[in-house]
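Both complexes shown next keep chain A, but they swap its partner, so chain B is in the first and chain C is in the second.
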Partner chain A sequence: MNSLGRRTWIWVGAGYSAFQLVLFGAPLLLLLRTSLRRYELGIPGEFGTSNFQFILSSTFPAALVRSLTLGTFVSLLTLLLSLIAVEGIFRLRRPRLRIAILTSCAVAFFGGMIPRTFAFEYLLSDQGPMRGSWQSLLPGGSSLLYTRAGVVIAYLPILLPLCIVVIYIARAAVPYALVEAARDLGATGWQTHTKVVLPTMQPGLIVGFLLSFLSVVGDTIVVDLVGGSRIYTAANQIFDQAKIDDWGNAAAEAVVLLVCVLLFIGVSVWAIQRSLR
Partner chain B sequence: MKKYIVPAVIVIAVLVVAAIYLRPGKSSQGPAKELRVLAWVGYEEPEIVNPFEKEFGVKVRTETFTGADKMFAKLTQAPDAYDVVVIDPEYIQKLHNAGLLTPLDESSFNFADYIEPLKKFPLCWIDGKLYTVLIRYGINGLVYNTDKLTAEDVSSYSVLWSEKVKGKVGMWDWYLPSMGVLSLASGFNPPYKLGDEQFQTLDQRLTSLRPQVKAVMPSFSDINAALARGDIWVVPALGEHTAAVLAEQGLPINWTIPKEGGVMWIETLGIPPQAKNRDAAIRYIRYMQRPEVQALLTWRRAYRSNIPSIKGIELLTPKQKDALKVHNAAEATALVNSVHIRMLPTNLAGKTTEQEWQTAWQRFKAAH
Partner chain C sequence: MGYPKKSALAVLRNHGAALLLPLPALVLIAAPLAAMTFLSFSSARFPSWPWPGWDVAWYRQLLSNEALRGSLLRSVLVGVSAAAASLSLGFPAGYWLARLPEKAGVRLLLLLTVPAVVPFILFGLSFLEFSRMLRIDRTLLAVSLGHIVVFCPIVTALCYHRCRQLDTLLEDAAREFGASEWRILGEIVGGQIWKSLLAAFLVVFVMSWDEFIIAWFVSGFEKTYPVFVRNALESTMSPEIHAAGVVVALCCCGLALLSIRLLTSFRKWNGQ
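Now for the complex of A and B:
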């Protein structure tokens, strides 16, 4: 901070803010403007609030609830599995093995969502190599493709690599002295984890949850390809409106979804700050 | 002074990279030598593009889309970015209303070689002026697994509601063709012009189909994969463009037009008013009408289709003719006369009901 000087940093901050304003603020304003305009056959019409009235009476509120529910459930499951995986990685005695696993997670994450989704479309189908395993898990003996369970399973390999890396960083930041002190004071392994390790990891847990949640809520690929539209989400509905060039309703739905997501982020940031106090 | 070196180097590096990355492409250096085409997938394939480039000395830059809505979005956002556009039937009027189409001189094109019903295709003409040129077409009927269903089973759309295919019906996620054939299945003719009561009947019919449906899928590739795997056995609103691809791979997949009728999709070529290379665009459209190019267009890797050119049909192989179910001009004429044209839905007064149809489709997708 001192090497560059306070004034330089103010300029850098101002430049960055202006950049953000153009990059994020301008499209947002355009979105808001579009959401207040009627469109018929792709041609813009009068301004008003009719788009918001329309989406309230449509399938959108239910689709929004479905999106948020799916996002929350998948994110919690991802978080839980990541915690278990990270604990396992953390207990490995060979540092090189840890690095190898974490690197493979990063590679998997950057491997792309679409190839993995296509792979899971095949894996979960009746013709896939794991059909016996899936069928034995399900009461009807059918495949998991085009089911809600299939959607949840398909999200895991997409979200886990990212979440594991985030949680690992949070876990590594827990001071060992703190863990040792808890044990010296007679805490059991479970107590040490629940009362010392996890609370200290809270910011990382929230970031991991949030990243997974945002990925699911904004996605249409997995729910379409693996779900076969079994779960009709808010993002799906926005795309459907765009398909008939109804930009007004699509924008109004996007605004509502954006507000929900921003609220979620706001609550999460507040929770992180609270945990850091 | 030293403290400014690192930020200065970073800023310079960013500017250099931006200058390299954002520099105008070679394409914009000579607009007269380039033709910018916005088209469905298939038009960019080298067999189609290379001979044109060689003959006319024009570089063709094809930007592809899957779904006419994307074409509309691209063209409305950048009306000067394309010289030729592939337009689906329901979008001709939309683009005309938006001022994104220019009239064409009928005498510049060869319609003499077209089968009779497609010589003067009504949707291509607005107020007596030609706006687009029909290049190819196909059928939205019924695609089915021949191992699971007989020709008699699929002679009517009622098979979709039968116990035999419960949980084995696949749907293409586009309301217009899917609801169009279901409108025919409900006995409505023409399928896209419905009164309020008729629309309610169609809506109920659509809802009643939901328990039969295994999946609603966004693209041909997903539907093809599900048909090939046997996850689904029957799909309404598809035709030769899907079945021919799978049958060619030796899979037991065929297509048919049930007794209630089918819907026809078309692809036309039009020129936006801000096209920079109109002469090359007209040459490109004429080139696409040539029999040998027409024959190539039927058999693209992306999907198969029928063509209006009589001489083009004659150039097809017997296998291709069998797959398309068209062996000569008479059969092509009969096929076209047996189906309805896919168009935007309206009520009986002619007012668009696109939003109502899409809303019904969304309810159908959201229902479980």
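Now for the complex of A and C:
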């Protein structure tokens, strides 16, 4: 690349970085400013830390813990189901069948989240065709709608398509020579999987977990439609406060959630880099 | 290598055990789509079991619902503008990152991908304040701009990976013959990866179309399709929403299928 070309690309890079910095960084700074401002009936007032003091003494810490717990549990379950599914897909001898299943998964990801969740509500409810199954499975004889288990199950159809594709890519990247070497050295199928295949897939597993976790933590739709008023997460609390123009508290809660999320992303990136070494 | 054609039963017999493993995940993925399709053909207004009977009345109502059609049109507008702008910004940026030394390129790419992974509720809330400052709040322009910020990194990442696979010899040759950098980008690089660019456009369009939370914060009275549906669910339980869901899912899945076909070839999927 000559000096003129280099200069062009320096401008392109600087322009793009500036675009992201201004349109992503500036709103976050404004969010921080809003979180430090008291709002009375939607009208901004004095600066201070009263919003943070208020949210720490409110139901928010419990909602945040619930969000993080739900996110972790749902992501682990999604990861486990994806791993099982990918192992099955990988064992299919006909490549066309593999492609058909993977393509269906990838396509289902774009199927529209709200209508799908709304339809899933029907399957979990007392009015749906699964009524008998839920009544015989659950101790109280009730439906899964408005229960924690129902929310967990309702997240799976949304997260599984993306997670399966990510895990499949990670599984396909495991060199077959490694698997063969482990088998030649006398490792059983289980040992090969746990000591060779899974550790090699680690970056993909972390990405799959991270994407699922962030989707759950930031989501308001599934919890609202399937969880009703019984399950209240941090994202739902922020959403509800924004609905009633309580901007100061909503922003303070958003800042706390953002810190948690950025910490989580940082740890994940560090873990990915460590596993790639 | 060609595979002999076999009946469905033979495939099941050969792959039975392997097919059982992904079955729970596939059933879970298909269940809401199937339920949505069935409910859209239900003759009853409220979901019930035993099955009340079949009807296409909700599809007929869908055609006459102007508010819903308006929201669909607005979503198309937002999706197309967000996808076009993301492509115009993301393609040069992806190429620039791909031609940096590998370590620096990856680190910068990771940093620039943060907007796409931060939960949208946090960005939506903060972007509302920002759009107020720019005096574009409660407009479709604000929704498009918000979507460009969060979806542009996806295009950048896709273009980065495709550009890294290209041989730089062609670009160097074009440079030697006096081609400008923009001409190299458009004709040499763009000419080789146009399928990926089209796929990136479609992916962003479909994601922008389905995005709810940023649109909810900044759209105001000009509601996009997901915002319209979410608001409708608070006041009514019409199966029209299922009918619209089926139509939209079919369109989105068709576009997604097309983008997957463009992005990947048969050999890349087969795990070799």
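Operating definition for what follows: the second predicted complex is superposed on the first by the 264 of 277 C-alpha atoms of A that agree within 3 Å, B and C clash if a C-alpha of one lies under 4 Å from a C-alpha of the other, contacts with A are read in each partner's own complex, and residues count from 1 in each chain.
Heads up, the rule we're going with is that contacts are C-beta pairs under 8 Å (C-beta built on N, C-alpha and C of every residue); 3 or more make two chains touch, one makes a residue touch a chain.
What you are looking at is a predicted structure, and each value in this text was computed from that prediction instead of being measured.
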After the match on chain A, would you call chain B and chain C a fit or a clash?
-> clash
Considering only the touch criterion stated at the top, classify A:Trp9 as touching first (chain B), second (chain C), both, or neither.
-> second
For A:Tyr146, select first, second, both or neither according to whether it touches chain B, chain C, the two together, or no partner.
-> first
Touched partner set for A:Ala242, first chain B, second chain C, both or neither = both
Touching A:Ile43 in the superposition: chain B (first), chain C (second), both, neither?
-> first
Who contacts more of chain A, chain B or chain C?
-> C
A:Gln127 contacts which: chain B (first), chain C (second), both, neither?
-> both
Counting only touches as set out at the top, which of chain B and chain C does A:Ala172 meet: first, second, both, neither?
-> second
Considering only the touch criterion stated at the top, classify A:Tyr232 as touching first (chain B), second (chain C), both, or neither.
-> first
Tell me which partner A:Leu77 touches in the superposition: chain B (first), chain C (second), both or neither.
-> neither
Pick one for A:Ala62: touches chain B only (first), chain C only (second), both, or neither.
-> first
Single chain C stretch clashing with chain B - from 93-101, 183-191 or 255-263 = 183-191
Residues on chain A touched by both chain B and chain C 4-5, 8, 12, 125, 127, 225, 242
Touching residues on chain B, where the partner in the complex is chain A | 3-4, 7, 67, 69, 72-73, 76, 93-94, 97-98, 173-175, 214-218, 222, 225-226, 229-231, 344, 352, 354-355, 358-359, 361-363, 365-366, 368
Contacting residues of chain A [partner chain C, same complex] | 1-2, 4-5, 8-9, 12-13, 16-17, 19-20, 23-24, 26-28, 30-31, 34, 81-82, 84-99, 101-120, 122-123, 125, 127-129, 131, 153, 156-157, 160-161, 164, 168, 171-172, 210-211, 214-215, 217-221, 225, 235, 238-239, 242, 247, 250-251, 254, 257-258, 261-262, 265, 269
Interface residues, chain A side, partner chain B - complex | 3-5, 8, 12, 40-43, 58-59, 62-63, 121, 125-127, 143, 145-146, 224-225, 227-230, 232, 236-237, 240-246
Any idea which chain C residues touch chain A in the complex?
-> 3, 11, 14-15, 17-26, 28-33, 35-36, 39, 46-49, 89, 92-93, 96-97, 99, 108, 110, 112, 114-115, 117-123, 125-127, 129-130, 133, 145, 148-149, 152-153, 156, 175, 181-182, 206-207, 210, 212-213, 217, 226, 229-230, 233, 241-242, 244-246, 248-249, 252-253, 255-257, 260, 266, 269-271
